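Letters are used for the chains, namely A, B, C and D, taken in the order the chains are written, and counting of residues starts over at 1 for each.
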């Protein structure tokens, strides 16, 4: 690990967040076969450290934008767990009253911008929010998470150019897990030179290849300081790995598009395990118990919550 | 000039082409106030050397794609002059029977792909044609001309990635005249690093900063050889200058968006003048006379041609 | 239109009315800003954005790269943060580059996110015509936006509505597609100096009549009014209605007129198939069965550049009058007005751009 | 459908019929190729492209980057050069990224260039439903393409038409938007082994009747057929028509049925405003004035994910039957069928993807 002995409070926070996300999604996977969750789920299991490392150094009133694979980012930014489970269940108490499901999570109170099921669409939207923050001039920033596939959409290049041209307070974070559904980078990228390319828009870039949560955190912290001091957009490419299938609760290593060896490599360096080892058993157990309690409460909240009233079908079509 | 004494035949060809384009567009500008040309015209005057330098080293059966500012490329590739004037006049004998006007010129016989009035749209289309040529495997290539503004459209980045990924036989040529309508690069580009950016798609790039027709020709020749020998796409950025207003026949140096000094600089290095000087008076006069004859014929052809039959409104909506 | 009785009413062109609406809203609300290619140049989008840069600076009058897709998303994001962007497109055809953001994000955000966010933005788009605008600079695509819940669509046809609808669009908390037509720019009308709102969803009877109801959308309203004059010469009294806003659409006003005249002809500045005319005719027929209904619009072809074919591509006062005549007097043989009125703005209009 | 009398007819699923059509055309014409994200993976677009990679190789079965806009243009360019691309989109919603190329280039090229070039391409697009597909994975946008001259639009509702229309689409020299529906994939029908064509522009009466004409578009045809059964129990005889192709549209067959029954109800798998239903109702009313016409489709809202609201978003057999009943027997009080038929494919369907 890049950080030998991290500040214990920070360590506890990071472990808590990693563990909360992992366990929440394992619980989702457990519940999934019951069909209580009638929404496609794109699990982040294995990719938690990117969201956790970055969001740990965000201010509460900073803004975070993520994708349909957004559970990790949502929770790392402090999104409401009860409302998330209720939303997945399609209940009226969900963050969007059951209209969003897993792919369109939002929690503006926690600074979580709405997610999108159309790859790449959130990138310019996050930049637009950053444009408003620049005018506001209170030092707030926007963080924009997206996958390697999203960088292939033209709107990504267009947004980088505009964000740099106007010196927007935005941190772009690419979670490069090497796949778009089942399509490997080699089918999609002419060259693996993402940071190099982004820097041609005069945006400072940072590459983290091993998913190290502390390295990601350190890098994000420095990048955010630069942004807040008016240096304009920054870019991070974090190599990571999706442990589960693209969509759904299971694994898919029996399919020929990737091998379990890849998983093994990433599991050996799982930040959740390594941070767990850095904690005292007592401390760790306290956190684990707290997390189980919170998740159990959230599931119960979702199960006990009512379905949305049928008149809700026609609410929020237009804003007053 | 980069080439001290060019082969006389080539010199004559290049001068002929430069002069034909210049005089054709001057003639269009002369006729324009008469309203006989009921089409917006985006003149290339001043930018001829890019089209001429590149197209001089193309084979007749190679394919060329250009923009609404396409008169130069159309003529340099050998597009039919009579049909061009007739098309601008909206006559039935025009290349597209009067349905295209100046912005959508086409001449498939000469390998001129259809042009488009929507910036950037022809870039992937040219690449698609190149995909077919790759399958055909006869060594034919596609050349794709576009402006600096077109590189800002996401589809440009998407196309570069795909073209390189699939090693397509295509030469991308950016005519960087520094403006999109009246908007300067500084309003649109975060950084002037186009070649650098394109090379991150593992595409070889070449920058020509002075509009030197022989330098452009030499560079294109080498690039085309590389493409034909299977090395995949190549990219040229040619700095150039639009002498006239964005659209229409006149000048607009009285407007505040640019100064006449810029024009003066480029006029000093006008390839038409410099190549003219390299020819014997006899040779030059012969060419000039021939060109005036051709243009006069073309104008007469357009004026004498009939309007399209009204039933043509409904032809070509769908292909049989 | 009570405000029209104000003392401080002057004759203003459509261009100046748009310009004034935006300027006044920018003064009233610092969150309003204008963004789009060349909005800050000396031509100022045919004058509609002229002077705004000098008055409000480049932070609120932003030139952009050619990146319509991203700029649309950027407008959406800034709107979610409380700003009120006005995104300018010099041709409606370019909205086709913005469909993903406008339809998958802007139209759906408020609903999809359970009301947690709003997208108050205006997309201004100009429909081109004549001077060889051709296939890609002439499209009227408003029906595509009418089709999608969450979007509003307005198409004012005079300077008064241009100002009132623009102020309403800017203040609206939803994405509004603002449909302008190049040939309306030079038309003028009495326009109050003070800010005012033209509420969406109110169709306007601009010419009363009893034999047939003509609905003219965008620029086609002008042609319908001219057709009404032609028809009156043969004793046919046509009622002409301007829907003003297409979404929301005031179908009841149109239906009550059509029920009264028994005949409905909708003339759209767009193609007819699955267009605004189809919506209006279908919606009226769902309410009452009329003796005769019809639609006119662009020919079912791509728009040609040559004037001789372009002339046949568009409905005009004469062809509208002929069609209306055949609907009112189906038994009589076809009638063609011998005069073809020249419309004022066609004289004023300076092509090509 | 004479070919259906062939000896070599088997029961095939919609998925397998699509797969067979593409495979046979790829064998017959080396210019045909398949391109799209994940067309070459183990899931093979729910099986519709399965096995093609192994048989034809990666030059003709191309995976792509996420670059729908460019890939569409690349398909257009390759088509201009004589190839016949089939561009696959796993959701129709993603066509919103392709609008500029499809509408400004593909639809217009043949006309705008005076016939010098053709664009024979197929854009396959799947409409999603249920399992929380939600706002951005459920849209039926076919009316937007019907609106634009130069494009063809087909929406086969059974395996037989799926194969015949796909082969026709691939051989067509124009851009064809091929509308599929996820819930039709598991349905099956007798399908000939040999290649065959289902010509566009022929609507099909799939259930005869005399009291009302129901037109069911895409998946809604299935619901209309179930509604027909429900109606028959109360003595109402509904004629059900499948337009099969929407552009060209066989309006005459629909109109002649509607004139006979006097009542027309169009049920679309999309929003109704300026939709395919508006076109059909308006076009029929231009021909004849019926006693009653109506449209059903998506609720005028964004599609919610939660099943309780999603259920209300879509028309179904029961709501269609109720609406038809009220049109046939306007004086009687509202009727609701007590049973709600479970449709075969809904059982077979495995969500969520």
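Assume a contact is a pair of C-beta atoms (placed from the backbone, for glycine too) under 8 Å apart; a residue touches a chain by one contact, two chains touch by 3 or more.
Computed from a predicted model, the values in this text were never measured in an experiment.
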{"item": "Where chain B and chain C overlap in contact partners, by chain label", "value": "A, D"}
{"item": "Centroid distance [mean C-alpha coordinates] between chain D and chain C, Å", "value": "32"}
{"item": "For chain A paired with chain D, centre-to-centre distance based on mean C-alpha positions, whole Å", "value": "36"}
{"item": "Separation of mean Cα positions, chain D and chain B [Å, integer]", "value": "42"}
{"item": "Residues of chain A engaged with two or more neighbouring chains", "value": "94, 98-100, 104, 116, 118, 152-155, 158, 161-162, 165, 188-189, 317"}
{"item": "Multi-chain contact sites of chain D, meaning residues that touch two or more partners", "value": "64-65, 67, 69-70, 93, 97, 100, 104, 111-112, 134-136, 149-150, 300-302, 304"}
{"item": "Chain contact topology (line, ring, star, complete or other)", "value": "complete"}
{"item": "Touching residues on chain A, where the partner in the complex is chain C", "value": "94-100, 104, 106-108, 113-114, 116, 118, 121, 123-133, 135-136, 154-155, 158-159, 161-162, 165, 315-320"}
{"item": "Contact set on chain C toward chain B in their complex", "value": "37-38, 41-43, 63-70, 93-94, 97, 130-137, 299-302, 304-309, 312-313, 351-353"}
{"item": "Residue numbers on chain A that touch chain D, as the complex places them", "value": "38-41, 90-91, 94, 98-104, 116-120, 149-150, 152-154, 180-183, 187-189, 247-248, 255-257, 307-308, 310, 312-314, 317"}
{"item": "Interface residues, chain C side, partner chain D - complex", "value": "69, 93, 96-97, 99-100, 103-104, 107-108, 111-112, 134-136, 139, 141, 143-144, 146-150, 247, 270-271, 273-279, 281-283, 285-286, 289-295, 300-302, 304"}
{"item": "In the complex with chain B, residue positions of chain D that touch it", "value": "59, 64-65, 67, 69-83, 100-101, 104-105, 109-120, 149-150, 152, 173-174"}
